[in-house]
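Same chain, two partners: chain A is paired with chain B first, then with chain C.
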Partner chain A sequence: MVDVDKFIPTENITLFRSCLVSAEYPGVEASTKFVFDKLGVEYVIDRNQSCCTGLGHYYDIFDELSTTALAARNFSYAIRNNHKQYVPMCATCYAILKTSAKILNEKDDVREEINKAFRENGLEEFQYNKGDIDPRDDITHVVDVLYYLKDKIPEFKKRDISNLTIATHHGCHYCKVHYNDTLCGYRNPEIIDKICEVMEAPALQWYDHKPRHCGSGFRQRYANRELSLDATVDKFESLHKEKVDVLLVMCPNCQLQFDRYEQVLEDMTGDKHYFAVMNIAQLVALYMGADPYKVLGIQTHTVNVEPLLDKLGIEYDSTEDTLHVRNE
Partner chain B sequence: MSETNRIGVFLCHCGGNISDNVDLDKIEEKLSENEEICSIKHHENLCSLEGRNIIKDQILRENLDKVVISACSKITHGATFQKYIQPLNPYLFEMPNVREQCSWVTEDKDKSTKKALSLINSAIETVKYNEPLKKIPTKVKNSVLVIGAGISGITTANSLAKQGMEVTLIEKRPAVGGAMIQVGKVFTPDKMSEDCAACLLNPVIDEMVHNDKITLLTNTVLERSSRNAGNFDVILRKKPDYIDPEKCTSCGKCTQACPSFAPDEWNEGLNNRKAVYKPFPQAVPSTYTLDDDFCIKCGACINVCPTNAINLDAIDEIISLTVGAVVIATGHQRFDTNKRPEYGHPFYEDVLSQMQLARLMGINGPTNGHLQVPSTGKVPRRVVMIQCVGSRDQMPDGHKYCSKVCCMVALKNANLIHSHYPDTEVIICYTDIRTPGVYEKYYKYVQDNGIQLIRGRPGEIAREDDHLIVRIEDTLTHNKQEIPTDLVVLSAALESSQGTIDAAKTLGVPLTEDKFIKEKHPKMQPVSTDIEGIFVCGTAQGPKDITDSIIQANTASTKISELINGGLEVEPHIASINVKKCVLCGKCVDNCRYQALSIYQNSIRVGPIACTGCGDCIITCPQEAISIQGQSDERLEASIKGILKDKDDDEQIIIAFLDDIGNVSANNMGINRVECPSSIRIINVPFINRVKYKHIKYALTHGADGVFLGEYPDSYKHDEIRENVQVMKKHLQEDGINPERLIIHSVFIPYFRGLASQFKEFDDVLATLSS
Partner chain C sequence: MDYGCVILKKLGRREMTNESEDDLAHKILKDIKAPSDLGLLRCVQCGLCTSMCPASRHSEYDAREIIKRVLDNDESIIEDEIIWNCFYCYTCHSVCPVGNSVCEVNQILRQMAIDKDVGKKQIESFMSFADSFLEEGLGIIPKEYHGQLKIDYGKHWENLQENLQEVREELGLDSMFLLPEAKESVDKTLDAIGFKKRVDSIKEVRNRK
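Up next is the complex of A and B:
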C-alpha cells in the first residue's frame, strides 16, 4: 500500500452517491463498485443519503447553512450505520462535505443553530456533536482509495490497455479547495496519472493547460454558456494537439463538460479528433475485465467509447447499446 | 530569613503626588504597631540627596538589616535606592509602588490610604525573605565559531578577528563566497551601474585568508553542539581530504583524466563538471576537490597526479572545539521552480532561473558571458522575466513573504541584457515593484532604458513552434495577452537553506514559521537568538540583500564583542539547584529552552548568562530542588500574606499577578491617571508560570476575593500558560472554590486603558459573586 500522510479507508465506507453520476453516468458508480469489490474494499450504499447540494449551492439556490444542515443529516446516517468513512465519487461532493464538517466542528453557533432546527422539528437523531466527523480522515475521494491500493490493481489485470494515449484531467474541487488534503500535487496534479502507471498505460506527463479547470463552473455552464465553453475550448484544442485517445476524469461535472459538449466544441473550433471521456474508475474496471455496457455503462456516453474498445481489441456486442440512435 | 528582623520603612511624599491622596500619618500610626519595624521616616522627596542622607543615617543609627521604601515604581527609582541603602546589600530592600499603582489611580483618599497600607505590608513581608545577592561577573571563551562562509560569515569573521577573537569559519561547500560570488554582477544604485561582484568580494576573502586569527575549514559541517556553562562544545565534521591541499598544485591533470560527470553547481546545472574538479577558476581555497557522490574510484586521477596528492581512501576528520559564541551565517537557497510546473521549468530548457541567467551572463560562466538561448544557441530576441515565483504566494507549497531582493535582481539582469544586447527586448512581469530608498532611482533608470514592465502574474507558459508563450493578464488594463518569447527567466523566492535548518536543529535555536532563524526580538534584537551566545546574520535570518547582510554581520560581531571582550555582570535572579534534593534526572536540562542548564561532574550546572530566571525548571523538577535566587515560593507567599494582612470584612481585594509587561502597563495607568478599582493589588512576577497553584489557593483561602493573571501573550509559553490556568480552575473546583475567582488576561504596554477596564469588569463580577 502506498505511503500517504492522510488516512485512507478500505473498510467502513459509505460510497457517497452523486446526483450527476446517477443521472448522467451511472456506469461510474457501477465501475467503482466493480473495482472496490475486486480490491476487497468494504463499503455500503446508503439509500437514506441525500444530495450534497453542490450544483444548487454553486447556483446560489442552497445557502451555506442548508448545505451544512444537509451534511449533518447525512453524517448522522453514516455514523449510525457504522460506516462513517464517506467516499464520494464526485469532487464537488468531496469538497462540500469536507467544508461542511469543518464548519460543524469549528463554528459553535452554526452547529447549535442546525441542531436547534433539528430539535424543533423532531429530528433529534440528526444532531451533530463537535468532532463527529474528521474532515481530513473521514472524507476521501474514490481516487484516493484507488491510489492507496494501486499496487494491488495489476493483480486483477484482464485486459491490456497499454497502447492508449491518455491525458488526465483532475477535478478542481478535489485539488484546489482543500489543498492540504490533496494527494500527488495540485499545480501539476498527478493522482490519476499514478493509477494509470500501474496499469502500464502512462498518461502524458504534461500538456498545455493541464491544471486548468474544465469550464463547467456549475451555473456558468447554464447561465454563462459562452464563457464556460470558451474556457473548455483551450483545453479541448490542446488535447487535440496531443492526439489523445482518452481523457480521464475523476468528477462527473468534468465528464459532462467534455463528453456531452463534444459536438458543440468541435463546431466552435473546427477541430475533429476523436477522444473518449472516461472516469478513472471506468478505465480501471475495463482493465479488470468489466463489461463495457453492463458495468462501464458506455451507452450513456455521448462520445462513443466503442472506437476506443476497437483500438484495444476488446470485443463487445453493440446491440447492448439501446440508447444511441444509430443510422443503420 | 533571620529570626528577628530590623526593618526600616521610609515613606516618600513625592512632592504631594503621594501624600495628597494617601494619609501617610495614618499609615505611620498603623505601621508603628509592628514590632519588627524599628524606624519609620517621612520625606518630601526621598530620591533627593537629603533623602539619601536620611536613609543612610537611619540604617546606621538603628542598625537596620532590611529596608522598605514606599515611593514610585522600581523602574523609576529602583537603581537610585539600590545605591542609597549602602552599606546594606543592594538586594535587601523592597519598593511598594504607592504612586503609579495607588495614589494616582484611586480617587477616594480613604480607599487609597487603605490600599497603600496593604502594599507596604506586602513589601514588609516580602523583604523578610530577601537575601543578600551579588551580580554575577561572567567571562566566556575568547573564540567564535562562524557557520557559513558567504559574504555574511566572512564579514563577521573578519570583524571578530580584528577585535582579537579566535575565529573558526566553516563552510559546507568546497569554496567560499556563497551566493555573492556566483551572481557575477551587483548593482550600485548611486552610480546607476552594475559592478563585478567578485572584484568587491575578493579583497574581503583575501583579508579572511590572510588573518592568522581565522581558521577556514571548507567541506565542513557542524555535527553536534552542547552548552557548557557560558561556552559551547562543538563537534565539526570535515569531509575527507581526498586531495591533499598541501601537495596539490592546481595543475588540473586530474580533471582531464576523470571519466565521471556531475551537474556543475557553480553554473546552476547548465553544464556538467567532472567528479574531481575545481569549483570555479577563482575559487578559494584554490585547490582541487573530489565529489565522492559521483567519483567511481577508478583511480585515473591518481595515475596522472604529478605530486601524489590524491588519496581515495582518505576518511572524515572529526574536530572538536570549545567556543564562547556561535554565528549562524548559513544563508539561503532558492525556491525549487519545479514546484511551479505551469511555468515549464521542468519541461522546457529555455525557462531559466535568475541565477542561471546570471551564470549565463557571467564571464566565468558556461558560455563565457555570451547570452544564448539554450535550445538554439542564439541571442534571444525577447526575454520575459516572471517575478514572485514562490514568494508572496498563499498556497501551501509557496512562501507568503516577499523575498525582498528579486525586484532589484530582475532590474539588474534586465539592464545588463539591455546594455550588452540592445536588440533584445526585456519584459518584466511583476506583482508590485519594490525598490525602497535609493533603489527606486535605479528602477526608474532601468525603465528609462526601455525595459518593459507588465503588472500581472503569468498563468502559464507553453511551447509553440520554436518559441515559448507567456500567458498573462495585465492587471492594470485587464487585457489578457500571450507574449511570444525566446527565453523565460523565473525570479525564484529566497528560502531558508537546508544548512540553516540543520544548524538550528543542532544548536537548539528556534525557527520562524518560514523556517528562518528566529531572532530574539525582530525589532530590538535582530542578531541575537533565544540562546544567549548564538547569533545570526545574513539570509539565514530572512531574505535580504548584500548591503543588509553586511550590516547585520557587523552588528553580530559587535554583539559578540560585548559578550566576550566586555565581560558581563548578570543579575543574580537565576536558577539555583539544591544538590541534596537533586537526583540528576536531567528533566530540567532537556526542558530549558535557553540551554542554561547542563550536567557537569555529577551536578546540574546553571549558566548565568544563559539563564533568564524564567523559573520554568521549577515546574519541571520532580524533586522540587530548583529555586530562583531571591525569588523563593515562600517569598511570593509572603507578598500575598502582607497584602491580606489588615483586610476589612467588607473590603474586596483582587491580587493581580502581572508579568513585567503587565506591570509597566499598570504603571502607565497611573502616569495617565486612569482610574483603577481600589481592590486591585499588583504583585509583579518575572513570568506568569512562576505563580503556582498553591499561591493562588493560598490567596483565595486567606481573604482575596479574586486572582487576576496578566500575561504578555507573545511568548512561546503562551499556550501552556493558558492550559495551565484551565487546569488550575479545575483544581479550584475540586477544592470547593468558585473557579470564576481566577482569571487570565493578555497585557500589552500601550493598552493600559484595556487593563483598567478588565480590572473593573473583574471587580464587578466578583462583587456579584459574593452577593
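Up next is the complex of A and C:
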C-alpha cells in the first residue's frame, strides 16, 4: 500500500452522499460502490445523512452556524453507526465537512451554542463532544482511498484503456481549501494522474490552465452565467488544443460544468473537438469491466460517452440509453 | 527601503496598536467563519491572489483590492456589488504567502451584506435551495434558474429529471431521499439553530419587491 502521511480508511466508512451526484450523475455513486466492492473496502450508505449544505452554503444561503449544526447531526449518526470515516464523492462535501469539524473542535463558544440548541429542542442525541471527529483523518475523499489502494487496481483489470489521451481536473475544494491535507500536491495536483498511471493510461503531465478551477463558481454559474462561462473557456480551449479524449474529474460540480455546457462552450468559442467528461471512479470501474449503462450511468451525461467506448473497442447496446434524443 | 518594507511597517503598526479593535478588519477576524490564524492583518498587498484569480481575470473584480479596502476600513465595500463576483474557488487562499484568504474574507463580507437588505436581494433567487433543504434535507439546483438551464442543457436534461428514479433503479441505487424520521430531525435542527428565521427574513425582502 502507498505510504501517505494522513490516515486513509478502508473500513468503517460511511460513503457520504452528494446531492449533485444523486440527481445529476448517479453513476458516480454506482461506480464508486463497484470499485470499492472489488477492492474490498467496507462501507455503508446512511439514509439518515442530510446533504452537507455545500452548494447552499456557497450560494451564501446557509450561514456557518446552520451548516455546522447539520454537520454535527450527521457526525452523530456516523459515530453511533460505528462508521465514522466519512468518505465523500464530492470536493465540496469534503471541504465543508472538514471545516465544520474544525469549527466544532476549535471554537468552544460555537460548539456550545449548537449543543445548547440541540438540548433545548429534544435533540440531545446530536450533541458534539470536542474531538469526536478528526478533520484530517476521519474525512477523506474517494480519490484518497483509490490512491491508497492503487496498487491493487490492476488485479481487477478487465479492459485495456491505454490508448486514451487523458487530462485530469482536480477539484478546487479538494486541493485548495484544506491544502495541508491534500495528497500529491495542490499547486500542480496529481492524485488522479497517479491513479491513471497504474491502469497504464497516463494522463497529460501538463496542459495550460491545469490547476485552474472549472468556472462554476457556485452562484456564478446561475446568477452570472457569462462570467462563469468566460472562466470555463480558458480550460476548455486548452483541452481542445491538446485533443484530449476524456477529461477526468473528482467532483460533480466540475463534471456538470464541462459536460452539461460542452455544446454552449463550443458555440461560444467556435471550436469543435469531441471529449468525454468522467469521474475517475467511473473510469476505474470501466477498466474493471463495469457496464457502461448499469454501473457508469453514461446515459446521464450530456456528452455521449459512446464514442469513447468505440475508441476502446468496448461493445454496448445504445438502446439502453432512453434519455438522449436521437435523430435516427 | 523598498516598498514592501514600508507596507510591512505600516501593517505592523496596525497589528500592534489596539486603536481600532472595532474596525472592519477586526470585525471580520471575530466572525464565526474566520479561522483563528487568518492572516488578514499580515497582507503585504503582493497581488499574488489577483494574479491567479478567475474573477479578477474576467471582471472588474480585484482580489488584492478587496483586502486593501478592508484594511482601509472602507465599509462601503459591504454594499458594493463587486463582492458578489468571487467564485469561492480558494485559489487565492492556497497561494497567499501570509495565510490570508480573500475567499473567506469575501464570504464574511457577503454575510455582512445579508444582514442588510442589499445582500438579501442578491441571494433571494436561490431560495428554492433552502426550501428543498427544509422539506427534504437535500440540496438542489435552484429552480429559479431552470429556464436558462433547459436551454443550455437541452432536452436530455429534462428527460433525466423526469426519469431520475428509474435511472437510479437501473443503477441498483437505493432511494436518494432521507428516511422520514431523518427529514424530521433535519427540520427540527434547522428550526432550533435559527435557519428558518433567516429564510423567512430573506423571503420577506423578496416579497416586498
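Following the convention adopted for this analysis, the second predicted complex is superposed on the first by the 328 of 328 C-alpha atoms of A that agree within 3 Å, B and C clash if a C-alpha of one lies under 4 Å from a C-alpha of the other, contacts with A are read in each partner's own complex, and residues count from 1 in each chain.
Please note the rule applied: a residue touches a chain if its C-beta (ideal position, glycine included) is under 8 Å from a C-beta of that chain, and two chains touch if they have at least 3 such contacts.
Since this is a predicted model, take the numbers as computed values, not measurements.
Chemist: Have a look at where A:69 lands relative to chain B and chain C in the superposition and call it first, second, both or neither.
Modeler: The second partner, chain C, only.
Chemist: Check the residue A:26 against both partner chains and state whether it touches chain B (first), chain C (second), both, or neither.
Modeler: second
Chemist: In the overlay, answer first, second, both or neither for which of chain B and chain C A:188 touches.
Modeler: first
Chemist: With the two complexes superposed on chain A, say which partner A:206 touches: chain B (first), chain C (second), both, or neither.
Modeler: The first partner, chain B, only.
Chemist: Report for A:252: first if it touches chain B alone, second if chain C alone, otherwise both or neither.
Modeler: After superposition on chain A, A:252 lies in contact with neither partner.
Chemist: Applying the touch criterion given at the start, work out whether A:180 contacts chain B, chain C, both or neither, answering first, second, both or neither.
Modeler: In the superposed model, A:180 contacts chain B only, not chain C.
Chemist: Between chain B and chain C, which one contacts more residues of chain A in the superposed model?
Modeler: Answer, by number of touched residues of chain A: C.
Chemist: Can you pull the chain A residues that chain B and chain C both touch?
Modeler: Chain A residues touching both partners: 179, 186-187.
Chemist: Quick one: which bits of chain A touch chain C in the complex? Just the residue numbers, please.
Modeler: 17, 19-20, 22-24, 26-27, 29-30, 45, 47-51, 53-56, 58-66, 69-70, 73, 102-103, 106-107, 110, 114, 117-118, 120-123, 126, 172-173, 175-177, 179, 186-187, 212-213, 215-220, 222-225, 227-228, 230-231, 234, 260-261, 263-264, 293-295, 297, 299-300, 302, 322-325
Chemist: Which residues of chain B touch chain A in the complex?
Modeler: Contacts found on chain B: 339-342, 346-347, 395-397, 460, 462-463.
Chemist: Would you mind writing out the residues of chain C in touch with chain A in their complex?
Modeler: Contact set of chain C toward chain A: 32-33, 35-36, 54-55, 57-59, 84-91, 93-95, 107, 110-111, 114, 119, 122-123, 125-127, 129-130, 133, 137-142, 144-145, 148-149, 152-157, 159-160, 163-164, 167-168, 170-179, 181-182, 185-186, 188-195, 198-199, 202.
Chemist: What does chain A use to touch chain B in their complex?
Modeler: Touch residues, chain A against chain B: 179-180, 186-188, 205-206, 208-211.
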